[in-house]
Each structure stands twice: as structure tokens, then as C-alpha cells.
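Some structures to go through are shown next.
Next, two complexes with chain A in common: one pairs it with chain B, the other with chain C.
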Partner chain A sequence: MPHGTQPDSIVVQLNALAGGLFLLSTFGMVATRQVQGCMRFFILQSVFLASSAFLLGLQPLSWHLIAVAIINLINKPILIPWLLKRTVSGEVYARREITQVLNIPISLLVALGLTMGAYFFTSPLLRFAEGSSAVVNLPIGLATLLLGAFTLTVRREAVPQLLGLLSMENGAFFASIAIAPELHLFVELVIAFDVLIAVFVIGVLTRAIHEHIGTTDVGSLAVLKEESSR
Partner chain B sequence: MIARIAFNFAQVVVVMLFAPLLAGTVNRLKEMVQSERGPSVFQPYRDIWKLFHKDEIVSEQSSWIFRFTPFVVFVTPVFVTLLIPVLTSYPLFFAFMGDMLGGGFVLALGGFFATLAAVDTGNPYGPMGASRTRLVGFLAEPVFMIVFFTVSFVAGSTIPYIVQQHWVSPIANFFEPTHVLVMLAFFMLILAEGGRIPVDNPSGHFELAMIDESKGLEYSGPGAALMMWGGEMKFFVLICIFLNVLVTPWGLARDISVHELVLAIPLVLIKVLVFALTLVAVECSLAKLRLFRIGEFLGAAFVISVVAMTTWVFAI
Partner chain C sequence: MIVLAILLLPLVAAVLCWISAIGRRAAAPITMMTCLILFALSARVVFRVIAFGKVVAVPDWIEVDALGALILLLVATVGVMACLYSLGYMARTTHDKSLLYHYYGNLNLFIFSMLAVPVVVGPSVTWLAVEFTTLLSVLLVGFESSREALEAAWKYAILTLTGASIALFGFLVLFWAMRQAGGGNYTWAGLESVAPHLSPVLLKTAYLAILVGFGTKVGLVPLHTWLPDAHSQAPTPVCALLSGVETTAVLYVILRLMPIAHITLGNGAERWALIFGLLSVGVAAFLLIQVHDYKRLFAYSTVEHMGIILTAVGLGGAAAHYGAMYQILSHALTKSLCFFAAGAVLMATGTQEIASVRALMRTSPLAGSALLLGGLAISGAPPFAVFLGEFAILRAGINQGHYLAVALLAVFLVVAFFGILFHVNRMVLGQSDEKMATLPRIPLTCSLTLFAAAFPVVALGLYVPGFLHQLLIRAAAIIGG
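What follows is the complex of A and B.
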């Protein structure tokens, strides 16, 4: 059976733990009803992403991955929430509950199915990566990517949708630090700034929508007439 | 052989003695967090003592189930105590009589009889609480099953004494994601099964909002004492399974000697106290969920347990 054939070192296990908690915080993002809670889970998710990058940078010592971890730790848990708070008005955070197309238990079950699917689809690839940490990071990254896309589809509020997008990015990042650890540091910096700018643009857009029509419930923007909107 | 039997019964005595203390401590700590004084930590002992010296009133309309239930509720946690590691890290005399699934079934038997007894009398609140308990119970059941299967699959055994060794035999096993996720799911399960705050308010006195408490409303005198003591013991046993099998299998007696066993008692109590502090922190920072949101709470626990299983099964 899986483990136990060779004694896993504690760093590998800690990385696996960071992966498990990363996935768990993604589930938290799917399951919470409040914008604030969704944001907190995103911050947690980013912290686990950074800690996984840090741990992967420790085992064969690579300053590159540690730098990636530090960039992530500054960018996602600190800068992005701050920027969102500044651009989107506080009213968005004051709303208690987010409307959602599916109810929470069903969306959790769908999320569970997506996760199983991610593990299932990556298992043929993982046969070639035996022993490396891609075994942990690839399926969890793919699962987070799918769950982020799912959040984006199901949520009807602007900020959680943005967080779904960012969680997709986190998922891709989580897989990539294990598969392609030697990406140029310049690229990582560009990605970090790209994400910041995306947050900024969507934040400003949300603010504009909010000022215009008094709500950020973008799900009801699909309908033209106001009478038939709900 | 004699020592193993004696130690097994020592475990039962420890559970019987300290279960009310745990209940009292949790109540006192909760009151202290809410900046009140609260009753003494020994109040549950006084309650049990007082109730044993009172007369018992049994409704003429009730059947033998109503009279029989307090004994079942009291005895089932005692039986489970024989099967699980409370003080020792090596299997005791009765350890192989039943595995964790057996323990779960025995505990469920107590719950089953408590439900029947609640329906047995004419009290309108009893059946309501009983049906709600069943609602929580059947939502908690899949979580229990998945957690149990994952744990026994990982450890390759269903005997709690063997499972507890797996997590620490190389210390790296402790940090397995499966382990942490199973711990989290089981903690949520304890909150649901023990009737603690996000699911049920144990200190609430409003009958319409009760889930767990309203089943024992009809009991008086010694029957009420046994129901109360049994409920406290059940909670203590669940915590012992959680702490000694899943979370911290340290501080238990390692070989068959009396002074190791005596030393294990304060260590286990310290672990239980830490758990009580965590529980109080959770109970004081969350609000009770609406009845139909309990499904979401236990659904989240279910998802966590399935993720724990997935990360184990697919890890190569």
C-alpha cells in the first residue's frame, strides 16, 4: 500500500499536510456563505500554498522556490485582500450571505466529485512521478483549479467570483511548483503583478457596478429587464 | 493475566470517576469565559448524589423500556471502556472482544434505547427531541463510517490499540494529511454526537430548541442520575477515543506495572483538560446552527473525511 514502503522524511510529510490543508481551505471557499469567510479561506489557502513552496524549496535546497514562497506570502494573503478592501466598498463585506445557484450540501458533493475526478485523471501521470512531491501537488492543484472554476460558475456575487478565479490561479501555481520548479524568477514576479492587476481591475469594475445598480449580485445581470430580474 | 484484567477494570473506574469532573470543568470554564462565576467543577457529583437519594416517579402509561433505559445508557459506555485504550498503550484483557466498529455499535445501542424511552412517555417534547437526535445521528453516520474505514485502512487493523501505534511509530506519520483531516472530521463528529454548541446547546433550557436534553426530561431520581452519569461517561469515552487513538497517543502506560498506570491517570487528565479548553473555545466562539443547517455542518465533516480517504488511497 502507498506509504510505508520507504520511510518518508518529515519534510515530505509536511508538504503533504500543507497540500491537504490547501485542499481543505478550497472546500471552505466552496462551503461558506459569507464574503468575509470566503476571503479568510482564500488567505489561508494562499498561506498553505506559500508553505508548500517553502517546504519544496527546503528538501533539495533551492533559493528560487523559497523566493517564490516569500513573493506569494506577501502578495496573496496581504496585498490582495488589502487592495480588494480599498477598491470594493465595505458594503460588499457587510452583506451576510451570498446567493448561490446550488445549495451548500449539493455544491459540496459536486466539489467532492471534482476532487475525485482530479485524482482519477492525474493518476496515470503520477505513475511516472513516483517518489517526487508532484504526487501530492499535481492532483491537489488540479482539484483546486476545478473547484475554483466551479466557484466561479456557481456564485452570483462579484467578490466570491473573483476569489474563485484567484483560487484557480492558486491551484495552477500549486501544481507548477512541483512540476516546473525552475521557472525563471522573473516569470514568477510577472505572475504576481498580473494577479494584482487583475484584482485591481475587477475590484474597480465591481465598484462601478455597485455604484450603478446598487448591488454586486452579478448573477442577476444576465437578465435585461429589471422587473424580470427576480 | 490477572494484572491485565485488573487494569481493564481500573480503566472503567477512572472513566466512571472522572466523567462528571469533565462535565463540571467544561461548564465552569464556559461560565468563566462569559465572565460569570458558574457552579463548582464538582457540581455534577453533587447532582448525581442528590438524585440518587430522591424518589423516582414513573408514569403508569410507560412500558418496561422506560424503566430499563437508564441502565442501558449507563452500562454501554462502560462496555466500550473495556475495548478502548484509556490508560494503557498495550492491549488489555478485553481489547480483542470488539473493534472500533463494535464500540460504535454498543454506543449506538444506548442512543437507541434513549430514543425509544423518549417516545415511550406521553411527553410531547420527548419524541421531538428523539426525532431530531435521529436526524443528527443519521447525518453523522456516514462520517463515522468513512472515518472508521480510513483509519482502519491506514493502520491495517480495526483494533484501537493497534491503530494508535501507527500514527507515531515513525513520527513523520503524525503529519500525514490523512491523519490531520481524520482528526478534524472526528472532532466535528464529537461536537455533533456529544450535543455541543454548533449542533446543540447543552445548557439551553428551552424545550422547543432542545435536541439531546429533551430525551431525559421525564426521568427523576436514580433514573435521572443514571441517565446523566451515562451521558457524561459517553462523552468522556468519545474524547478518550479521540485523544488516545487519533490525536495524542502519548503519556499512556507502556508496560504492565502499577506505578505506570497511576502515572498515566494525571497525564490523560491533562490531555482531556486541553481538549476541554479547545471545546470551550469552539463553543464560545460559535453560535448554535439552525436545525436544517446541521446537515451542512455534518456534510462538511463528511467531505473532510472523504478527502482524507482520497489523499490516502491515491497517494503513491
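What follows is the complex of A and C.
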């Protein structure tokens, strides 16, 4: 725990700002319909994740967290979009998403409720976090985790579902830089690699679905329902 | 050293398979050799664990104890049978034979990831290994590229990876709890040594996040919806691996948490395991009745058995823990036999519909008798191993005074018993209406696998070898803390 942070230091305030912007970009992902817009918000979200890790690494100085920031900065805003563009055909990528299970205003309301729920759930845990940045990072991390799961369920296109999944992972990470900053660097590296493999595998699968079924509206895939199986 | 060899060997084999010049010619023999060696090495690890209690390859990173060795042995055993089965099955059923080397390359990687789960001792590394079991098997599930297979693969990937993210949050909170308690070594043993000082509220959060997150991958109700799809649409040898050992390997991670949670939370952790376990057994038992597809039948039975094992752990006490270990062993072996038999039926009849298969005993005696044996064994008919495991669990529950839980479990087991046998009976026996054309013969390696898989299922019901008994007792003691 970085007990050394003073309550009013500029770093703590900047970290709170990064946290707020991180959550805002998550809301952006919920509210955007375009696949590419969703991608841009994901990139923004990852940049704010990296900046929070960097800020927490400054005070007290921790090369470990700064390394985590750099890994995230290279991995998510650069490598993942590049890999996704290589594996998924451009037509899928540029698609304007029309179908969504819930409309945008209702989605935002649910998202707001989930965020409040995240603060509610984490409040008993936060007494262990007094005086540390976990007060900011833990509830926002959990909120992003829940919002990611929510996007995943209401989206019907393949790529936005994947982005929801990655956003969940970002949420877990946003909490982890405050509550588990000493996690072994080897593990962090392998997790970054693992996220890349996830993008690759799901990208390949999306392409196969596009080629063999002719749609990437994965929400409409329902051959395997119990009743319709005959 | 042996353990490192176990981890390296499938990776090397996968690389060899993926080099297309070698892979196109020799992917199948390379994979077969690898699996045989892996089996021999795992057996050696088991004997050393029995002799020395523990095999340490890299301290605090890679160590194997009795519980890990049990899972390791099962993965290697089902792995070698699945590979042998693949030789005949994939050559018969795949449309594009030139892509088979992709299959074998992926199969090696998938087996690698499952072998990694029980041998790493850091919870965060274990999480990674479980994540890799999903990532490396998604393309195997969708290998046939049919509409159904791709849909199943998509659901499998998205739902289990979502679960894994929730579990990741749990593992991070667990790490936080350990640091708060003053522990420095993020390993299972390190956690257990600080367990009395862990904050209950943090541990409970972590435990529930991991139970729900990995419960998705184990197939606990109500998070099981992807499982019947993926476990029925994948190529049959992959189904045997998914159902027989992948679910078990993930359940193993939840079991690892039990002794820690028991020290910190008392019986709280057991209660959640009991609720999730009974719910899974109950729902799966009734869903078994309405299936139309015999591979789905066995997939639902996997949900049921994961529930039984979790229920046994939830009952608590040494006898129930032994029952859980025995059930892990007998389920992995019996369920792989069931899927091999289902694959044989599929090759003989060309359909997965229960209604279209009749009088198998007459038209394809080998597939028919294998299916009958597998169906009887998995539904819990005496004298097979599953029956003994279920009986041990029920008896342990009564001795513990959990009368309500035992009564519910017994009712669900009876429902599942009749559900499975009703369907299997209709397929195997009875009269065929029209004259069945002569069915295609089952490939030699598949027949061999059926015999190899049937042998332990029959033998274990009659006699448990001394070394296995030792292993099960020690593994049960580890869960007991």
C-alpha cells in the first residue's frame, strides 16, 4: 500500500482525474453505436488506465508500476487495434451498429445504476484502503468491470462484444494498480500477452463466422437453442 | 525436472506441428508420441508425490502435491486416449484434411494449458493457465467451421472469458487481502499460512468472485448455458477433453481455495459450495430428460457431476472430501468413455439426434455396447466407479447430519439416472423400423480407444489400486486443510 501519499498532493488529485476520465470513457463505450467509435473510447480508456498506473508509480516511486503503465500503453492503444484490423475484415470493422437489445438512454440509466452498485459493493472493502489511492481505483475498477459485462450482453455485433470483454479486463487492472501494485512483473507481462492472444483468437473466430455464416451479428446466432434444435 | 519436461514437451510438439512442412506429414504421430510420453511422465510424478509428498521443480512457482498430481494424471490419461481417438476420428470426419495439422497443433497447446493448471502454485499464474485453457481450445471447438460449431465456439469464448475477468478481480482482491495480513508469498501455501489473519470481508469478496467467475467455466448453474453447446459441437475427442478434464481442472482451482476459506470464514465457504452444487445437480438432472441430441445429454451430465463434486466439498469432512476426489477420478474416466462412445455412434449413423438412432446393438454392436456401458457407468449404476463415489458422498453427508442436502442430492441422482438411461436405452435396444443399411465400420484406433477407456471404468468399480488410494487420501487431506 502506498501509505506515503498525502491527501492533497497533486498526484492524488491527478489520479482522481484520470479515474474520472477512465469511467467517462467507459460510459462512452456504452453510449456509442459505431464499432470504430467504440474502439476509440476503448483506446482512450486504456490511455487513462496507463496514466493512472504512471501517476501511482510516481509517489512513492515505483518502477514496477511505471513499467506496467508502459506495457499497457504499448499493448492496448497500439497493438490491439492493429491486431484487430489485421484479423477482422474491414467491412466488419467499419460497421454502423444498428441493432442493440436496449436503446442508448436506457443503457445509460442501467450503467449509472451499475456504477452506484459498484460503489455500494466496495464500501465495506474501502476501510482497508484509507489513505491510499484504492479509494478511487477500486470502485471505478469494479464499475468498469460491471459496465463491460453489461455492454457485452446488450451488444449484438462481434467486435463490440470483444471490446466489452477487454473493457472488463481494463476495469480489473484499474483496481489492481492500486490494490495489488506488487504483483509480479512476469505475471503482468503474461497477462498483456494473454490479452493479445484473446484478441487474436476472437478475431480469427469473428472472421470465420463472417465467412461461413455471412453475418457478424452474433446476437442472432441461435441454432443451438434447445427447442429449435429440432 | 520431470515437471518442466511435462510443460515443455507439448509446446515443442505444437511448434513442430505448426511448421507446415513437418506438420502436414507428421503432426499426428508427433502428437501421439508426445501424449504417450506425457502419460508416462505424469505417472512418474504421481509415484514420486506418493513417495515424497511433493515434487518441486521451481520453488514457489512450479510444485506438484497430491491434489495437483491427481489432476495431472487425469489430464494426461484422457489426453493420450483423446489423441489416439483423434487419429481415426479426425481422418474420417474432417472435410479438409490439409488443415489437420492445425488441429494437432492446437490439441498440443490445449493439453499444455490443462497440464499447467495443477502444477503452478501462484494463484495469479493459475488464473493465467485457466485463461489459456479457454483461449487455446476455442479454435478447436469451432474447428469444423459449421454454423453450429462456430456459434458454440463464440458463446464458449465470450462467456468463459467474461467469467475469467470476474475471477481475475477475485484473485486481485485475494492478493490485497494477503498483503493486508502481512503475507509475502502469493502462493496457495503462502495464503494458507496467513489464512488466520486474512480479513473475512476481503476473502469473502474474493471467494465469491472466483466461485462465480470460474464457476462459469466449470458449468455451474445458472452460468452453464454455453456448456452443452460447446461440449456437443466440438470434434468428439475435444469433447472428451473439455467434459472429462477441462471442467475438472478449473474446479480444482475452486477446491484450492476451500482450505483457506475454511480457516478464515468457518463454514461460510462450504455453504456457498453446497448451494451452487445442489442447484447444478438439480437443474441438470431435469434438463437431461428433455435433450434431443445425445452429445448434449452427456454435456448436461457433466454439469450434474460438477455439481455433485462441489456438493461433496460443501458437505465437508474427511469422508466427503475423499468421495469428492474419487468422484473427480471416476467422472473424468467415465465421461471420456461416454464421449468416445458417442463419437463412435456418430461415425456409424451420421446423426446426433437421439430419435434417429435405434437398435444400435444390432446395427453396430461395438458402438452400441460402448454407449450402453458408458451410459450405465455415468448414470451411477452399480458396480461402476461413479456409483461408488456417489454412494460414499451420500453416506458421508448422512454421517455429518446434512439430512436435507443428502435427501435432495439422492432425489436428483435418481432423476438423472433414469433420464440418462431412458435415452441410452432407446438408442441401444429396441427394434429398428426400416432395414438399416450396413453401417460404416469404426476406425481401428477408435475401437482401441473404446477398449482402453472402458477398462479403467469397469476395473475401478471392483478394485482401486493401492497407489491410487494413497493419492486420493492425500488429495482429500489437502482440501481438508
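One rule holds in what follows: the second predicted complex is superposed on the first by the 214 of 230 C-alpha atoms of A that agree within 3 Å, B and C clash if a C-alpha of one lies under 4 Å from a C-alpha of the other, contacts with A are read in each partner's own complex, and residues count from 1 in each chain.
One rule holds in what follows: contacts are C-beta pairs under 8 Å (C-beta built on N, C-alpha and C of every residue); 3 or more make two chains touch, one makes a residue touch a chain.
As the structure is a computational prediction, the values presented were derived from the model and not from experiment.
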item	value
Side-by-side fit of chain B and chain C on chain A, or clash	fit
First (chain B), second (chain C), both or neither touched by A:L152	second
Partner chain(s) touched by A:L58 [first = chain B, second = chain C, both, neither]	neither
Contacts of A:L126 with chain B and chain C, given as first, second, both or neither	first
Contacts of A:L23 with chain B and chain C, given as first, second, both or neither	first
Which superposed partner A:V136 touches (first chain B, second chain C, both, neither)	first
Which of chain B and chain C A:Q13 touches, first, second, both or neither	first
First, second, both or neither for A:V110, with chain B first and chain C second	neither
Which superposed partner A:I213 touches (first chain B, second chain C, both, neither)	second
Of chain B and chain C, the chain that contacts the larger number of chain A residues	C
Lowest inter-chain C-alpha distance for chain C and chain B in the superposed arrangement, angstrom	19
Residues of chain A that lie at the interface with chain B and also at the interface with chain C	1
Contacting residues of chain B [partner chain A, same complex]	156, 170-173, 175-178, 180-181, 184, 295-296, 299-300, 303-304, 306-308, 310-316
In the complex, chain C residues that touch chain A	122, 124-125, 128, 131-132, 135, 138-139, 142, 145-148, 150-155, 157-158, 161-162, 165-166, 168-169, 172-173, 175-176, 179-180, 186, 199, 201-202, 205, 229, 233, 290-293, 296, 353
Touching residues (chain side chain A, partner chain C) in the complex	1, 124-125, 128, 134, 141-142, 145, 148-149, 152, 158, 161, 165, 168-169, 171-172, 175-176, 179-180, 182-184, 187, 190-191, 194, 197-198, 201-202, 204-205, 208-209, 212-213, 218, 221-224, 226, 229-230
Of all residues in chain A, those that touch chain B in their complex	1-3, 7-10, 12-14, 16-17, 19-21, 23-24, 27, 31, 104-105, 108-109, 111-112, 115-116, 119, 123, 126-127, 130, 135-136, 139
